[in-house]
Structures are given as structure tokens and as C-alpha cells.
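Data block below; observations after.
Labels for the chains are A, B, C, D and E, by order of writing; each one numbers its residues from 1.
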Amino acid sequence: GKKDSKGNSLADKPNKLTVGIKFDQPGLGLKAPDGTFKGFDVDVAKYIAKELGVKEGDITFKESKSAERENLIEKGEVDYIVATYSITDVRKEKVAFAGPYFVAHQDLLVKSSNTKITGPESLTGNMKLCSVKGSTPAQKIKDKYSKAVQLQEYGTYSDCVDALLSGAVDAVTTDDVILAGYAAQHPGDLKVIGKGFSDEHYGVGLKKTDTKGKTAINAAITKMIGDGSWEAALQKNVGPSGYKIPAKPAVTE
Amino acid sequence: MSSAATVLYDHPGPKAKARNLIFSIIFGVLLVLLVLWVLDKLNSKGELTAKKWEPFTTSNVWSNFLLPGLGATIKAAVLSVIIALPIGAILAVGRLSDHRWVRWPAAVVVEFFRAIPVLILMVFAGEFYFQYTDVPSESRPLFAVVTALVLYNASVLAEIFRAGIRSLPHGQTEAAQAIGLRKTQMMVLILLPQALTAMLPAIVSQLVVVLKDTALGSIFVGYAELLRQANNLTANFSNSVATYTVIAVLYISMNFILSMLASWLEKLMRNRRGGGKHVPRALDPELEVRA
Amino acid sequence: MNFDFLSNPDYDILGAFWVTVQLTLLAAAGSMIWGTILAAMRVSPVPLMRGFGTAYVNIFRNTPLTLILIAMSVVLSNKLGLVLASKSSPTFIKDNNFRLAVLGLVIYTSTFVCESIRSGINTVPAGQAEAARAIGLRFSQVLWIVILPQALRSVVAPLASVLIALTKNTTVASAIGVAEASLLMSTMVENESDALLGVFSIFALGFVVLTLPTGLLLGWVANKATVKR
Amino acid sequence: MNQPASGSGPNGTPMISMNNVQKHFGALHVLKDIQFEVPAGQVVVVLGPSGSGKSTLCRVINRLEPIDSGEIRVDGKILPVEGKGLAMLRADVGMVFQSFNLFAHKSVLDNVALGPVKVRKMNKNAANDLAVGLLERVGIAEQKDKLPAQLSGGQQQRVAIARALAMKPKVMLFDEPTSALDPEMVQEVLDVMTSLAKEGMTMLCVTHEMGFARHAASRVVFMSDGEIVEDSTPDAFFKSPKSNRAKDFLSKILTH
Amino acid sequence: MNQPASGSGPNGTPMISMNNVQKHFGALHVLKDIQFEVPAGQVVVVLGPSGSGKSTLCRVINRLEPIDSGEIRVDGKILPVEGKGLAMLRADVGMVFQSFNLFAHKSVLDNVALGPVKVRKMNKNAANDLAVGLLERVGIAEQKDKLPAQLSGGQQQRVAIARALAMKPKVMLFDEPTSALDPEMVQEVLDVMTSLAKEGMTMLCVTHEMGFARHAASRVVFMSDGEIVEDSTPDAFFKSPKSNRAKDFLSKILTH
């Protein structure tokens, strides 16, 4: 999936695209058993591709694990990445971001029956919180809200959710929209608390030098938000969880 | 009765047979109770519902998750062994050399890579390829897994070969010398071929170790082998018990077949050499147990 | 090579290796006990026990350790409710994971202990037992006076390799978040990307220090113990 | 099949008697309806080609191999099938193996004294005295503190004989006791066996040593394919074997 | 020590000559100042108790064991110590081992043809013809495609002799070629050796087969403790051994 001969910019009408997404995140980027990809990130990625003039059949999705994302872009292995990719200054030294197309907030996922946990402050000692190995959200809770809380780390959020369902942990923490994806998988069993306590601006990552491409993607995002596809996509992918669709973000990059 | 039993036990008489039967029954009842308890627990957690197991009856789950994972596992294992074999043979010949300046470096390499956990090698290799090479991200996990497995297994195979050559009756060397073969001719025509066949079972058993070790690729370097497919499966179906069970069954069957093959080969070798008088125990416990 | 990271207080390298050593010692003790029981089953005259022993060994020896350890946490602890620490303890998760890791290592390593012991028994020539029976020794006497003393001596060498393999296998405990050496190393190589070789050589050295002397010492013991025939 | 030269011993009860004994290894019929007695005091040498069932004949007598059917008696008592009874019977039947089978981890003295202490419940000192006496008799008392592996084959086999004798057995079984030995060591073992024979020990010996068979045996039994084909005096057997199988066997063994 | 009955062969140069040969294994002195010749065409049988150094005497001749000091010549040429020279000399000296040592992974035919092809650089077809001829001569041509393990011991040893002969050796060394064989197979190997002796092959044979020593040997050499104690004709040796060690040895060997 390399760019065609016309030029280096995504704005130059490529005929094929390689797009980085998550493969194992329900509601955002998930590889389904039939080999197709589902989720809000996937829908955003497809919308952008359409605006760039690429047919859906000409998109190749590629798994982009969190730690690999800058590298994938720098080496040109993907054209752009839509994978719960928060815009930060450190990352901006290596890649460019378009968007944001979504503003997420760190939040907690608990069992629907749980009334004790109402927010990060209510995580008292001996409560067990789950997150993925090497991720920052869990550490943030320990540092800011509750030193006594115990941390279980797994390789994936699925294992955390599994532990939550079987009662081995009390809460799972990460961005609300990711949690909503899982809640949508288990309607009635799980709920997102809904008291977000930080802002994560999800952007579309692309080559640092491709200013024209960035402008084109920004335009696509703006259009998607404007024409109702944005809300529809969210509703379809994470709506069933009861998650309240947040306000539309302003494209600022 | 198995051969182990005849060393230990006399041929049982009627009383011994009755006693064994009673123990069998008691033990059997305990086993059944344990199994029932586990099933009951799983059932109470809803892990035995059809919904959680059904996915494995659909072809999509196999063609998109399990089979590609299995393929990746086998690919990494086979690549590792194929690359490690010649390196191992060279290291073995090096360790058997008459020259100290060949023997020592070979020994250091072998002992070093046998002392270090494969996982540590894998983390290093993954980061190394990430920082210093242009290997594309897709292939990087495979490279990391294969590199670590090759470094470790070449060392182990070197020891297997060395043991194989040394286990050959000394008479083979002497007979070869006595008809006037030179040192290289002796190695190539007489010793290596016999060591290789004699050690074939051990080499196949090593393949079992390699196959299991590919699963280490799922911990840090993110190689999309069989065990890692559990992420995709549980993300879709939230059925961890079913998923890990199915994956375990796949590993166990593959490795069991390989182990059978190894012991079949061992028997074959034993028979071919007549009564096994000079056949080394191919599944040398020293090498067999290294995991 | 760059070794600046050695002065960074965030990296408790000795602490991580101490966890590795603890995992090794506890799992070694457990594997010896359970492995011996399994071996006893595998050579017992009771067919069902033999069958169980054989099945156990074939199942767990052929399963990747990584999978066993993950199953310890995800299946055994979370689903079957087996917890190995007090739920009200402020360090419950850490303790529980550590103990689950030990248990998983025992479940896996005991298969190798069992096979070493069994092959030790097999190295005792059948003639030894026959000669013992022929002078009128009974089953327990044959076992304790003639077979086991000889079998145990030939078991030292294979058990030494099992112990070394176990030391290295404790790294897999990182799969369920136990803070041993490999977990720390993986964090460090990401954070200290300019010191990759330095980090690797420190951890490699750590394992060489842990495994080489064990191997040499036990190899020497094994040599001393061998029954000359 | 012929049944001469035997009968029952001085006290009327044969030391070993086998009646219609059948034994298979899987499909292989290794003992075919064996009918056979060893009266007390007799020395019986068993000859026959490899695989003819000689070792098996020896080994069923103290039930190191169980039989399929038939009856075996030792000193008139039916062979028990298991437990203490079998152990006690085995203690009464001395056995010497081709490969010595000394307990590799025990000293020569302990090898000999073990049985008296553990089976005959003799006290340790008495057993050691007995053992030293027997080791002197077989000519290796000075080696008593060595491990078996430090002895030559001939010495090891003599220890094995002493070990069997220490149980004060009623009958001794020898299964090719000299065929694993270097030629010069054969004689020292045969000497011990010959002196035992002279002292009136009841013995059943599988051996290829024709000299021993000729000079020390009361009877020679020739086996082939699981059957006892001839059973006669040594003189009769070596001078005029009756069956072709025996003739063939003798011609091969005696030429060189 | 006495040095009779020998001298040099028809052409004056002895086929094997050893001068002041010394050999130790660690502290053990296994060849003590050996002085010894085998003239072309002679058949020399070496006798002696176990551990007396017979095998070592054989093995130093083609340098399977190096010597500490002294001189060994084969057909007049000093034994090279390594490299191509040593390999070529070894090709000229045939050796037959107690344990046959056939190449276990090669067919009988390949075992015999390997040396001619790889060492003598003969072409494959010619070597195969030669091999078949030799296998016929030792009586097992029909087994040529089998693996060694499929043959009886006696057959394997005959293949080993054919393998040695295929190199067209000037002299043949035999180290107890029959002592690993079942008694019924000894004769077939001795027959081959006897016919070789009759054809005039120079042979040095360590063996305990007294029949062979008496009938086929030109000389008998008796070793004890690393020394050549007697060196005489078979008749003289067996009828009137001079040393006590030889008398003692013969008495042990010949009684049974």
C-alpha cells in the first residue's frame, strides 16, 4: 500500500490506502470473525478514504499496536492511523495529527449492579482496578486519586473485562469510548460511570511533512461531523452501551 | 505391563490384582468428583453456555483467527529449526575441534545462549530490530521470535549433535581410521550421518520445545501466533475459558503428535541398529527437559 | 555501551532478580513434591493412576508455559475462584499473582521432574530387581533398599537441567504481571532506547550468574553420585 | 521325550518338580508341557541352542516369570504366587545370573549380608561373619569392602554365588554363570561350582561349559524349541546323542 | 625374553618390526620395551591374560594408539605420525576388531566398497565388483544389500574381514575376532582366517582360540604385564611353556 507515483501527499488522489487501526478493540477497531473490520475508528478511516477518493475495497487495514504507531507512520508502512491515537506534543515531534475527531475522557467501567463506585475518588483501599500492561491511565488514578487502590495488569482490555465480569476486579479504567465498546458487548451487565476526568483528543496520525494531506483529512473530518455520519457511526458502534454521545469536537489541528 | 513396572513389581497374583482394582476405583471416584466440581464452577460463571463455544464450530473463526495463528506458530518454529540446525552442527563440530582457538569460542557461544531465557533474548531482538534496522513492522515480531529461538536452539542442537557424535561407539572412529580415511572424510562419511540419524528423535523432540516457545512471542513482541489469537477471539466473544481450552487442545495435539513421532523414530533407530546395544538414549533427559 | 540507567532509582534491578530467585526456589520445591507424587503414580501398578499420570504429563508438558500461566490467572483464579491470598489484604493482587505464577510453574515443571525420576528408575537394570527378589526381598524392600538408592543418584543430572530451565522459565511470569526480571527489562528497553545493549548485557549477566554456577555445582554432584556399573 | 537317570532323591521328595508346565511370551510358546524333576543332591546341566527356553526354565522355578499353566513344586511345596510365601520360597532357592546382578551401590560384604539380615532376620554381626566366611570360601574375602564395579567379572560372579549361598538355599539355579566372563576367569567360577556340587548341593545349571557338564553333572538335559528333547547321563549324551537336534548342536559346539 | 623362530621374511624386510616400543596409559606401563618382528607371510598368534597389553600391541601398529618412544616400521617404512602419510599406511594394514565395528548406517556392500572408493580412489563400479568378489570369498555375497544389524555376529565379522581385505593390505591385524560371537558362530570366522593364513597373508592375531593357534600359527607370542614373555612355535609353546606365567595361563585356559 504505497502511495502512487504522482506525489507524496495524501491529498494527491492516491488509488490505494493502507490504514492503521486497532484489531482487538470492540466498538472502535475490531477484526470480526468474518475478516471484516468494525468500529467507530474504522468508520472514520473509511469516511476519510472516501473523501480522498479511494474506494472501500482499496483500503488495506493494518494492525497498529500503541507502541508502534509513530514508527509505522515514519517508515511509511501506513498512510494514516485512526486508532484511539491521542494528540500529544511529544508525538507531534515525530508525526502530524489531523482532527481531533473525538474527545474522550478517562473513565471507569464497572458492573451495572455496582453502586459503590461513582468516580475515581470512590476507589478506596482494597478496591481492585484493572488496566493493560504499561498503560498510563491506571497509574494516573493511583497517583491522583487513590494510592491504596490495587492494580491488576493484563495484556488486553478483554482480559480485564473478563476479570470484571467474574468479580476478580472491581473496575476497569481507560478512555470512556473504549469502555463503552465493551459495555455495548455486554448490555445490562456493565456500565461506564460517565464522570470523565481527563481529556484525550483523538487525532488521525500521518506523515509530519504532509501538510496538504493533513488539510485534506481535516476537511474530511469536518464534513463527517457536519453531515451526521459522525453521530450515526458513534450511535451504531457504542450506542447500545447507554453511553451518552458527547459533544462534537472542533477540528483544531 | 510397561517396562518401568517390571523393574519395580513382581508379576501380580490374584491378591495384588484385587488390591490394584480397589485403588483404581477409589482414585477414579476422586477424579470424577474433581471434574464435576470444575464443571459446576464453570457453569455457575456461565462459561459452559453454547454461546461461548459455538464460535468454534463456525468456519470463519478458524479461517480468520485460529488457522492463521496456527500457521504463524508453525512458520516461526519451522524457520527457527531450519536455521538453527546448520548453525548447531557448526557449533558442535567447533566444540569437538582439536584446536583450542576453535573449541573455546564455540563453547562460550553455546553456554551463553543456553544460560539466557528465550524471553530475554526476544525482548532484546525485538527492540534491536526496531531501533537499528529497516525490517518492516509486520515482519519485526517474526524476526524477533525467530532470532531468539535460533540463538537458543542452535546452542541446544549443538549439544545434541555433540552428544550424538560422542555417543557413537568409538569403534566407528577406529574402523574409519583403520581403513585409511582422513579426519574430514571420517566426519562427513561416517560420524555426522550416524549422529544425525541417531539424534533425529532428539531433534524432533526439540521441535516440541520450539513450538511451545513461539508462544513467548505473544508476551512482549506481539507476534500473531496461536496464543495471541486469544485476544481477537475474546474481544469478539468474551469467552476466555472456551478460547484458552481450544487453543490448549491445538497445542497439545500438535506437540503430542510430534512427541509420538519422536518416540517412533527412536524405536525405529533402535531396531535398525539391532537390539539397541549401541544406540544412545536419543531422548537424553538432559536435553529433553530443557524447556 | 551506555550504563547510565544503573543510577536511575526507578529501576530496581536487584529487586526484580530477587523476585526471579523467589519464584525459582518456591516453584522448585513445589515441583519436586508434586513431580515425585506424579512419578509414583506413573510407575504404580494401579492402571488408573498410571493413566492419570501419563495424561497429566502429556497434557501439561505439551502446553506452552505462557498459556498455563495466563490460564492460572484468567481461568483458575477468576473463574474457579481459587485465590491464594487474603482478599482483604492491601497487596492481594500482587501476592495472588505471584503465588499463581508459582503454582503455574509447579504444574508445568513437575512434568519434567516426574519424567526425570521415572527415567532414573528406568536406568536401574531389571537384573537388580530380579536379584533382589531372588534372595527373597519383598516389594517395599526391593524398592527402598535396591531401586530407589540407585535411581536417585542418576536423577541428579536431569534434575539439575530442570532447575536451570525453571530459573529461565520464571521470566514467563511477566505474562500475568509479576514484576520479575524480564518485565523490568521490557520496560527499560522501551524507556532507555539508547542503552539497549547495556540493558541486555545486565540482564543476560544476571541469568548467567544464576544458572551457570547451579549447572556446574549440580553437574559435579551428579558425577559424584553416579553408580558405577 | 525320554525320562531316564532321574527319579526321586534320597528322601523321596524331588527338590524341584515341574508338571505339565506351559509358558508363552505373547504368541511364542517357550515352555511346551514341561515334565521334569530334580531330586535332592543331583546336579543337572541344561544345554540347548540360543532361544530354546533354558533361561525361562530356570526363571519360572522361583517365579521371576509366571507360568501359564501346570504345576511347579519346590521341595514338595507348590510355588506360592505372591506375597510373603513367595518371598520365603525364593529365599530357599539360590539364583546366579549370567550378568551377576550384584547390587551396584553396596559393598561386596553388604551384598552378601543383605539377604540374611533383611530376609532371615539374622543380626548384623552374625550376618557379616557368615558373609566373610562365604567370601573366604569363594576366595575373595580380601575384596569385601570394594564396590562390585571394582572387581573383575570372575570375582563378581563368585560374590554372586556367595550372596546366594548366604541364604542357605535348598537348591541353586545357575543361568549361564560363566558366559559373560573373560576366558581366564571361567575356571575360577567353575571351580566354585564344582566344589558346591561335590558337597551335595542340588543344582540346576544352564551352561555351555562342556567340561563342567561332563565331569560334575549327574544328568544332562537338552532343550530345543521349548521342549526337553533329551534327558540322560553326561556320558550317554555326549557319546551318543539320540536326536538330530542334539547331534547338530554338539557338532557346532565341539569342533573348535 | 627369548627371540626364536622368527627372523626376516623371504625378501629380507620384516612386514612389521617394533623396536624398543614403550607405551603408558597414565601411570600404567602397558608396553614395556617391546622388541618384535613379523616377517612377511608369517601368522603370529598373540596370547596372554586380560590386561596384558595384547590389544594395545595391535593398536599401536597402525597408530590407533600413539606410542611413547621406540620405533615401529611397517614393510620397512617408519610409521608416520599424522596426516596423509598415516592414512595411507593404515590403508595398507587391515584391522579386524572384536566388536566388528561395521559402519552401521551403510549396507554390507558399501561397507566393503567404501575404502577402495574413498581411499584408493577406485571407481565405484570396480570397487563394487571387488567387494562382491570378497563377500563371495567369505561366503556372504547374498547378504550384500542388508544393513550390518540384520546380520548375525559371525556374518558381521566376515564382512569386517572382507572390508579389511578390500584395501589389499600387506598385513592383517586381528584383535580377538571371535570373542564377541555366540559359540556356534566362532567356527565360520576361524575358517575364513585359516584360509587367509594358507594363502600366505601376513597376520597378527590376538585370540583365545587354541585350535587356531595350534594349527594355523607359524609362531605364538605370549604376553604378560606388557612384556613379551615367550615367543616360540605353537608346538613348543603348548607342549613345554618355559615361563611360570605361561604355564599358569595355559592351565587356566585349557582345563575347561
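One rule holds for everything that comes next: contacts are C-beta pairs under 8 Å (C-beta built on N, C-alpha and C of every residue); 3 or more make two chains touch, one makes a residue touch a chain.
This one's a predicted model, so the numbers in the text were calculated from it and none came from an experiment.
Asker: Starting at chain B, find the fewest moves between touching chains needed to arrive at chain C.
Answerer: 1
Asker: Walk from chain A over to chain C along touching chains and report the minimum step count.
Answerer: 1
Asker: What's the overlap between the neighbours of chain C and those of chain D?
Answerer: Looking at chain D and chain C together, the chains touching each of them are B.
Asker: Using mean C-alpha positions as chain centres, tell me how far chain A is from chain D in Å, no decimals.
Answerer: 85
Asker: From the mean C-alpha coordinate of chain C to that of chain E, what's the distance rounded to whole Å?
Answerer: Here chain C and chain E have centroids separated by 54 Å.
Asker: Averaging over Cα atoms per chain, report the distance between chain B and chain D in Å.
Answerer: Here chain B and chain D have centroids separated by 48 Å.
Asker: What are the residues of chain C that contact at least two other chains?
Answerer: 74, 79, 128, 133, 175, 190
Asker: What are the residues of chain B that contact at least two other chains?
Answerer: In chain B, 10, 12, 16, 45, 218-219, 240 touch at least two other chains.
Asker: Listing for chain D: what residues touch at least two other chains?
Answerer: Within chain D, no residue touches at least two other chains.
Asker: Of all possible chain pairs, which ones touch?
Answerer: The complete list of chain pairs in contact reads A-B, A-C, B-C, B-D, B-E, C-D, D-E.
Asker: Residues of chain D touching chain C in their complex?
Answerer: The contact residues of chain D facing chain C are 62, 64, 84, 87-95, 97, 99, 101-105, 114-115, 118-119, 147, 149-150, 160, 163-164, 167.
Asker: Going by the contact rule set out above, which residues of chain C touch chain B in the complex?
Answerer: 42-50, 52, 58-59, 61-67, 70-71, 74-75, 79-81, 108, 112, 115-116, 118-119, 121-122, 124, 126, 128-129, 133, 139, 142-143, 147, 157-158, 161-162, 164-165, 168-169, 171-172, 174-175, 181-182, 185-186, 189-190, 193, 196, 200, 203-204, 207-208, 211-212, 215
Asker: For the complex, which residues does chain A have touching chain C?
Answerer: 67, 125-126, 128, 133-134, 148, 150-155, 159, 162-163, 166-168
Asker: Sort out for me which residues of chain C touch chain A in the complex.
Answerer: Per the touch definition, chain C meets chain A at residues 73-74, 77-79, 88-94, 97, 175-177, 187, 190.
Asker: Within their complex, state which residues of chain D touch chain B.
Answerer: Listed in rising order, the residues of chain D that touch chain B are 63, 65-66, 81-83, 86.
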